[in-house]
Every structure is written in C-alpha cells, then in structure tokens.
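Letters A, B, C and D name the chains as they come in the text, with residue numbers starting at 1 for each one.
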Amino acid sequence: MKTNHPSRYQYKQRILSTINKADGQDQLSRGFDIFIMVLIVLNVFAVITETVQSIQVKYELVFYYFELFTIIVFSIEYLVRLWTCTIIEKYRHPVWGRLKYMFSIEALIDLLAILPFYLPLFLDMDARLLRVLRLFRLMRIFKLGRYFVAFQMIVAVIKKRKEELLITFTLLVVMLILASSLMYYIEHEAQPDVFTSIPATMWWGIATLTTVGYGDVYPVTGLGKLLGSVIAILGIGVFALPTGIIASSFERELSEREKNRKATRRHENN
Amino acid sequence: MKTNHPSRYQYKQRILSTINKADGQDQLSRGFDIFIMVLIVLNVFAVITETVQSIQVKYELVFYYFELFTIIVFSIEYLVRLWTCTIIEKYRHPVWGRLKYMFSIEALIDLLAILPFYLPLFLDMDARLLRVLRLFRLMRIFKLGRYFVAFQMIVAVIKKRKEELLITFTLLVVMLILASSLMYYIEHEAQPDVFTSIPATMWWGIATLTTVGYGDVYPVTGLGKLLGSVIAILGIGVFALPTGIIASSFERELSEREKNRKATRRHENN
Amino acid sequence: MKTNHPSRYQYKQRILSTINKADGQDQLSRGFDIFIMVLIVLNVFAVITETVQSIQVKYELVFYYFELFTIIVFSIEYLVRLWTCTIIEKYRHPVWGRLKYMFSIEALIDLLAILPFYLPLFLDMDARLLRVLRLFRLMRIFKLGRYFVAFQMIVAVIKKRKEELLITFTLLVVMLILASSLMYYIEHEAQPDVFTSIPATMWWGIATLTTVGYGDVYPVTGLGKLLGSVIAILGIGVFALPTGIIASSFERELSEREKNRKATRRHENN
Amino acid sequence: MKTNHPSRYQYKQRILSTINKADGQDQLSRGFDIFIMVLIVLNVFAVITETVQSIQVKYELVFYYFELFTIIVFSIEYLVRLWTCTIIEKYRHPVWGRLKYMFSIEALIDLLAILPFYLPLFLDMDARLLRVLRLFRLMRIFKLGRYFVAFQMIVAVIKKRKEELLITFTLLVVMLILASSLMYYIEHEAQPDVFTSIPATMWWGIATLTTVGYGDVYPVTGLGKLLGSVIAILGIGVFALPTGIIASSFERELSEREKNRKATRRHENN
C-alpha cells in the first residue's frame, strides 16, 4: 500500500537534489547553487581583503559575523550531505558508507572548508599555527569545482598528453640544473654574494627559462652573458613544446567530436 | 507618373550610401571613407601628442582648431546619419525609429565621440572631470570599427571558443589567488613593506604568471623563491592553454572554409 | 659554322653560373658560394667586434685590410654581375637592361654593400654621417638571402596569413593606445616624472603587452596596478593570436604538400 | 651434448639483461634500474647542494662517502658493460669490439661519469681544474637517458622540422644583429657606459627578443625606445614561429599514428 506522505528516502532524495548542482529547471536547487557559489566567492574575497590592514581594522566585526555565518551554512551543508549520502549506492551503509563518503575528495574539501574554525576551539594553538589555519579557509575555493563541469574538458586535454607534458617538464628541469650549475661556476667568482650556490643560481635559471626576468639576479661577465643568452633562447622551446602539445591535443579533441557528431547524424538518417 | 527630379527618399539613399563604407566603385563614397578614417587617426594622434608638455604649449591653437573642425565634421555626420536612418527598415518610423537608432551601439559610439565637447557647454564641471572628458575623445578610435570587416574573423574565432577561454581565465584567477595568498603568508614576515597584503601580493602574482616580471616585487626567502619558481613554471600553461585553444580554433575555421569552397565548386560542376 | 673556342655569350653564362648559387655538382661554383658566404659572415663579425674599444685599437690594421679586401671582392662581383646580367632575358638590352638590373632589389643590396666605402671618397662628410655609413656595412648580411631558399617557406606561411597578422598587429596598437592613455590619466599624478605623457607611457605599455617588463616603469597606485594587471593578461592574447594563426598556417601548408605528393603518386601509379 | 650449468655466454646475457632497462617482468632487472636511477638523481642532488656553504661544511663526510660509493657502483657497471658488450653483434670481437664500444656515446657518457674521480689520482691538477672536474660529475644526469624512451618522441618531432627551426634560429640571430647594431648607434651617446659596443648591446637584444627583460639595460632616448618597442613586438614572432612549427609537427605526428593504427585494424579485419 502506497502512503501519501513522503518516506524518509524521498525526503533525502529531495534535499540532495536541491543542494547538488541543478541540471533541470528546479528553481529551488538553482537558487541554492547560486547562493553557495556567491558565498564561496565572498569568502575568498574576505580572506584576501582581510589582509589589508586598514580594511581589517575598519570592518573587523563584519568579517567576524560573515565568517560565523559562513561556518554555520557550510557546517549544515556538510552534515546534510553526510546524512543524505546513504541514498547513493556506494555510500549505502549507514555507518561504513558514511565513513567512506567522509574520505571522498569532495567531502574532504567540504571538511577542510570548515575545520579551520573548529580546530582552535578544541586544540591549543600558537599565533603562527592560527595564521596558517586562516590560509586554509582559501580551500573553500575548491568547493566551486562542483559547479564547473567545463573544467573537465581542459583537464581531459591535458591528461591525454600527460606523458608528453611530463617529459617537457623533465626536460625543463634537466635544462635548469645544467644551466644553473654552469652559470654558478662561471659567475660565482665575479658575484659571490649573488650566485652563492647552485640552488641560489636556480632562481636565476627559472626567471630566465620562463622569461619572467625579475632582474634581481643576472650575469655580469662576458661568458656569463653568453650562457645567459643561450639559456634565454632555449627558454623559447620551453614555451613552444607544451603549447605545441596542447594545441595539437585540442585539435584532435575537436576533430574527434565533430566526427562523432557526423557519424551520429548519418546513423539517424539511415 | 515618374518625376524627373529625385525624391527625398532617393536623396537620403544617395547620402547614406556615400557616408557608409564603399563596397563598389563609388569614388565619392570611397573618398569620404578615407577622409573620416584619416580624421579619426589624426584625432587619436592629437589626443596622444597633446599630453606632451612641450608640444601642447607650442601647438595649442592648432590642437584647438583641429578639435573644432573634428567636432563640426562628426556632428554633421551624426545628424545626417540620424536624418537618413529612416530608410533602413528597422528604423523606419520617423520618431521611434530614430530613437531606436540613437541607442544602437554604432550611434552611441558616434555620440560619445562628440559629447565630450558639448557637455562642458551645458554643465558646470571641475578640472578633474574635464580631464576625464578629454580621455573620452579616444573613444573616436572605435568609429574605425565600421571600416575593418576583417576584425570580425578574429572575433568569430575567439567567440567560438569563448567557453574554453573563459575557463582558462578562471583557472588563471584561481591560480593567482592561491599563489598570492601562499606567497603572502611566506614572504610577509621577511618583507612586510613589500608583501603588505594579499591584494598587494597579487601584483607580484600577475607579473609572474604572465611572465612580465617588472622586478619591483620578488620573493627573497628560500621558500618564497621555491613557490615563485613553481608559479613561474605554471605560468607557461597560462600561455599554452589559450594559444592551443586559439590555434585549434583557427585550424577548424580554415578547414571548414576550404570544405565549403570545395563543396561549392563540386556543386557548380554538376 | 660552329667555332671551337667559346663565344662571349658562353663565357658570360659560365661565369654567371659560377657566381650564382650552385645547384648541381659544379665544384667551382660551390666553392665560390662558400667563399662569399664566409666573407659575409666575417664582415658582419668585423662590424660587430670593431665597436669593442680594446679590440678595435689592437687590430685596427687587420680590420682595415679586411675591409679593403672585402670591397675589392664585392666590387668585382658587382661589376661581373652587371656585365653578365644581359644573358638573362629581361635584362637583355646592353644599356636599358643593365640599368633595369641595377635597380633590382638584388643589385641594390649588392650596391649598398660597397657604397659606404666609395661615398666618402667623392663626398665631404662629417664624423656623424661617417659613423652612420659604417652601420650600412651591416646591409651585407642581406647578401646572404641569395643562398637560403628555405627562408622563403617561412615567408610564404607568413604571407598567406598576412591579413590576419596585420589585424592582430592593429589590435595590438589599439590596445596599446587605450591602455597607455588610461594608465597616463591614472598614474600621472602619482608619478609625474615617469608617466610624463601618453607617448612616454606607451613605453610601459609595450613592455607590459609583450611581457618584456624591464621594470624601469611600472604603476604604483592601486588603480594603476589593477589596470596593469588587466593589460598583462590581455598581453597573453597578443602571443596567442599570432601563434595560433601561424600554427594553423603551417598545418595547412604541410597538409596540402602531403596531399599533392599523394596525388602525384596516385597519378604515377595509374 | 647440452651441459646443465650455464655457459659463459649465458652468464653474460643474464647480466646484461639485468643491468639494461627491464622491458618485461624481470624483477631483478627492474630493481637494478630503479637503484641506478635513484643513485643518479641523488648524485645530481649532491652536486647541487654541495655548493651551499653551510650544507657542505656540515655533511662533508656524507658527501665524501656517497661519492666513493657512487664511483664504486658506476665503475663496476662500466667494467661489467665492457665485459658483456661482446654478446652484442657489432661489438663481438673481444678486442676491437670492446674498443668500438668504448667509443660509443653510451659508453663515453658512462666513462665521463667516473673519470672526474680517477683523473686527479694520476694527474697533477690545480684548484681551478679540480673545480671544473667537479662540474663534470653533473654529466651523470645523461646516464638517465637510457631509461626514458619517450624523450625520443619529442626529439623526433623536433628533428622532423629541424630545417624550419634552424631557419627560425637564423632569423633570430639576424634580427638580433641588426637590432643590436642599430640600438648601439642610437643609444651609445646617451649611455656610453651601458651600450659600450655592439656585442654588449646584444645582451639587451637577447633580453628583449626573448621577452626576458631583466631591466639591467634598456634604452632611454626617444628613438631608442621606439626601436626597442619594434624589437619587442618582433620578439612575439620569435615565439610564434617555433611554436607554430612544433604544434603543426605534433599534429602531423599524431595524425599519422592514428591512420597507421586504423590501417592496421582494417588489415586485421580483412
């Protein structure tokens, strides 16, 4: 016999679909998505502006109450997700399923978003640790990942050429080591306070290979400038290789998609 | 019965086709195009050189009369366009059509090009506002848009991959926030006057991620330099992703155009 | 009746094919090519090293005799080319043909390579003009163009997308003008000695848009840094657009070449 | 008659396959690979950190014994390879084959990795030469090449467009020479201590064309800044050309691979 009032399962399902990303025309779910996204962005904005002395002093209370409000919302969200997760097949078991959910990346990000508030209440912490904890509030930015599916296309393109990109990176590191070691041996005598060691010279190496070029460290001897020139030119390859790899990967991806679409259309016509 | 002298409609049409971009061999229309384009370029040149003290003092009168001449020409052009716009179907109504035209992007750009001259005549303005108004004269550069159709191809290519480029931009912003926040916490103690707050550190973050590297701000601690190196390397991706997206988009565009041309030729042969 | 000793025409042809780029196994012609190429490279090297005070003082005579030797060789080459050019169809006429040849780009480059030596002998020149003339000796580098056919492939690829690249350049200039003007209005008050005028600010604009970032000029106000950040990010597009255009152009070029090769092969098989 | 105990040939083969890169499930060979790779990475790490004064003083003995251990392992590896190389067809001869192997690139890298230790034992060397020898220990990094086959794909892609990349490089050098010479003539008078000669100006040229922009050298005159701007913009092409070439080369490579795979599959189906 069917009861008229909704079961606990239906309740859970309704709530979960509301707090999850809306995919249809569920106005409530959509509204909730936007509310959480705005809250996350405002939080990131708060963490950033809080470090400006003048603003922090002026709006100390605003920041405090906003943090409190955020913690309440995110804590409730976390608990509700923990409560409703059992309707998902793999987290079905009321105890083990919930534990398993708690250790999913999604849930860990949610936990890290609220933990910096609760931890100092239970543990004795010095000023330094507290400051690091404040930084952890920035982790809330990762909660946004839930709402941007399109990120996954770029991630997919990069993943497909993972191996090539890794080799490009290895190449960059090998270049960096050789360039910095050579430069250290060439410039150490002329500028012993600047090129103090190979690791110190690597800071120059990175700035040159990536073409950032702060200008705090640079060779002054003729030989050093010659090597620096060669490294700067090789640095062009550091851009050309990953760009070439990613460009061709995108081209492949789009090409395959089009073929699939055409194949589907042809299939439909027949 | 057909009259021999041209009707008002024919007058309007003749004038509009003259002031619009020439697409045939209308010598008068072509001459008018070139006249307006040269006037725009000279105007941009005037706004720029006017800020050089020595030139401004020497040629003050020349600048004044040139501005006056420009305003007269552009005002007449604006009024003529407003008068003749009624022969275009969607602006046909003598009152509402003209109002609708006045709020088209094209007409607004034309209005903004002359407004900075008329506004101070009617409104009381302080020196600061007047200086900002002078800057607005640079908007005249956008009047050039009417004459370069090819801009639209690049715009089309970018628009087609709008979503991917937007995500790349979001990725850049997230990277910037995380990098700057971390750097602030690492370097704040060592350089409290440079890395004063996270927003201030973002100036370093932008200079590093985009590889501009002015060299006014850079980390000095070992940990800071390590993070700086990682960010500089990640900055390569900031170039690789949009370049890859745009390269593949151009390739698609050119590929499709060629196919269309071939299809047209095959069609013509049959 | 055929004479046994070669005619003047055959002499000319033999000489011209010797001094021109060798395309077969003509050992003499090949040797002459290498001789001229080495001479050009040594000349460029001489012009460059001559500016180093210590080297110039030490090897003054060497530089002088080398210049003399170069002038003799290049003068003879020029005269021989002028004498033999008449065997080429379009320069056939002994007088008008030779005059026409003298005004071809190839011959003008050859003339500019030797003129800086002869001019002071006939004309009275001050020290400044003489120094500029010395610089003109670098034009000899363009004589190399004769020997590198492969340059033409890159030139062809760039030429094919000439229009798109030109628009990219226009976009860059418009961006530069708007960015520099805005920055001037924002930063002028805070740094009146640095951002003195819009043209002066353009130096900052170029350094930022191209991501060179010398660090001699940069905004210090909050608003200025915000605008600087936006410009630096837009600068990424300045790289992405031409790179995308050139990458797709190369891809097209290689793709078409392969198709042609395949078509040729198929044709041969049938 | 087959003997039961393995022959010397089988011994050699077993040893060689162990020290070579494991391609199957040979646990011992795999373990040896990892051991050598870790040893190489630790060595590079040691050479780098040794230059840090404080670390060097503290861990002098550790560095010494680690170097000793490395030399023993690499020496044994070298001798074993020399002993077993005769089972490879082209090094079959016990004397000439081994000599031939000793002059293969692979064996030379192995030798250079240990030579810096043995040389000072036999030869009298001053401090300077000894320091250069220490640098040679970094050559051990090239021993890694044996284990990364995937490097070869990138090398292949670059090799295929070798000619185009070389021309791009030549173009860069020509641009550099012309830009630096012009800049020298323009800026020499205003900054005689900075733009001392053309070779000195080339340091500015490289920093600008590669967009590194350290900021230690930059033009100050109006004309110099104009030329600097043009060079900075042309520098964009310095990135666009190689990136375009490499991107199209990757695209070709991946395209051909896919076709081959499809062809193979079709062949298998028939």
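Convention: a residue touches a chain if its C-beta (ideal position, glycine included) is under 8 Å from a C-beta of that chain, and two chains touch if they have at least 3 such contacts.
Note that the structure is predicted; figures quoted are calculated from it, not measured.
A.B. asks: Can you check whether subunit C and subunit D touch via the same residue numbers (shared by over half) or via different ones?
C.D. replies: Mostly different residues: under half of the interface numbers shared.
A.B. asks: Fit subunit A onto subunit D over the CA trace and report the rotation angle, somewhere between 0 and 180 degrees, nearest 5.
C.D. replies: 90
A.B. asks: Measuring centre to centre with CA averages, how many angstrom lie between subunit C and subunit D?
C.D. replies: Those two chain centres are 33 Å apart.
A.B. asks: Provide the C-alpha centroid distance between subunit A and subunit C, rounded to the nearest whole angstrom.
C.D. replies: Taking the average C-alpha coordinate of subunit A and of subunit C, the gap between them is 46 Å.
A.B. asks: Could you list which residues of subunit D touch at least two other chains?
C.D. replies: 202, 207, 211-215, 239, 243-245, 247-248, 251
A.B. asks: Which of the residues in subunit A end up touching subunit C in this complex?
C.D. replies: The touching residues are 211, 213-215, 243-244, 247, 251.
A.B. asks: For a test of understanding, state which residues of subunit C touch subunit D in their complex under the given definition.
C.D. replies: Residues 44, 47-49, 51-53, 131-132, 135, 138, 141, 148, 150-151, 153-154, 157, 169, 172, 202-203, 206-207, 210-216, 238-239, 242-243, 245-251, 253-254 of subunit C touch subunit D in their complex.
A.B. asks: State the interface residues of subunit B toward subunit A in the complex, per the touch definition above.
C.D. replies: 163-164, 167-168, 170-171, 174, 177-178, 180-182, 184-185, 196-200, 202, 207-208, 211-215, 218, 225, 228-229, 232-233, 235-237, 239-241, 243-245, 247-248, 251-252
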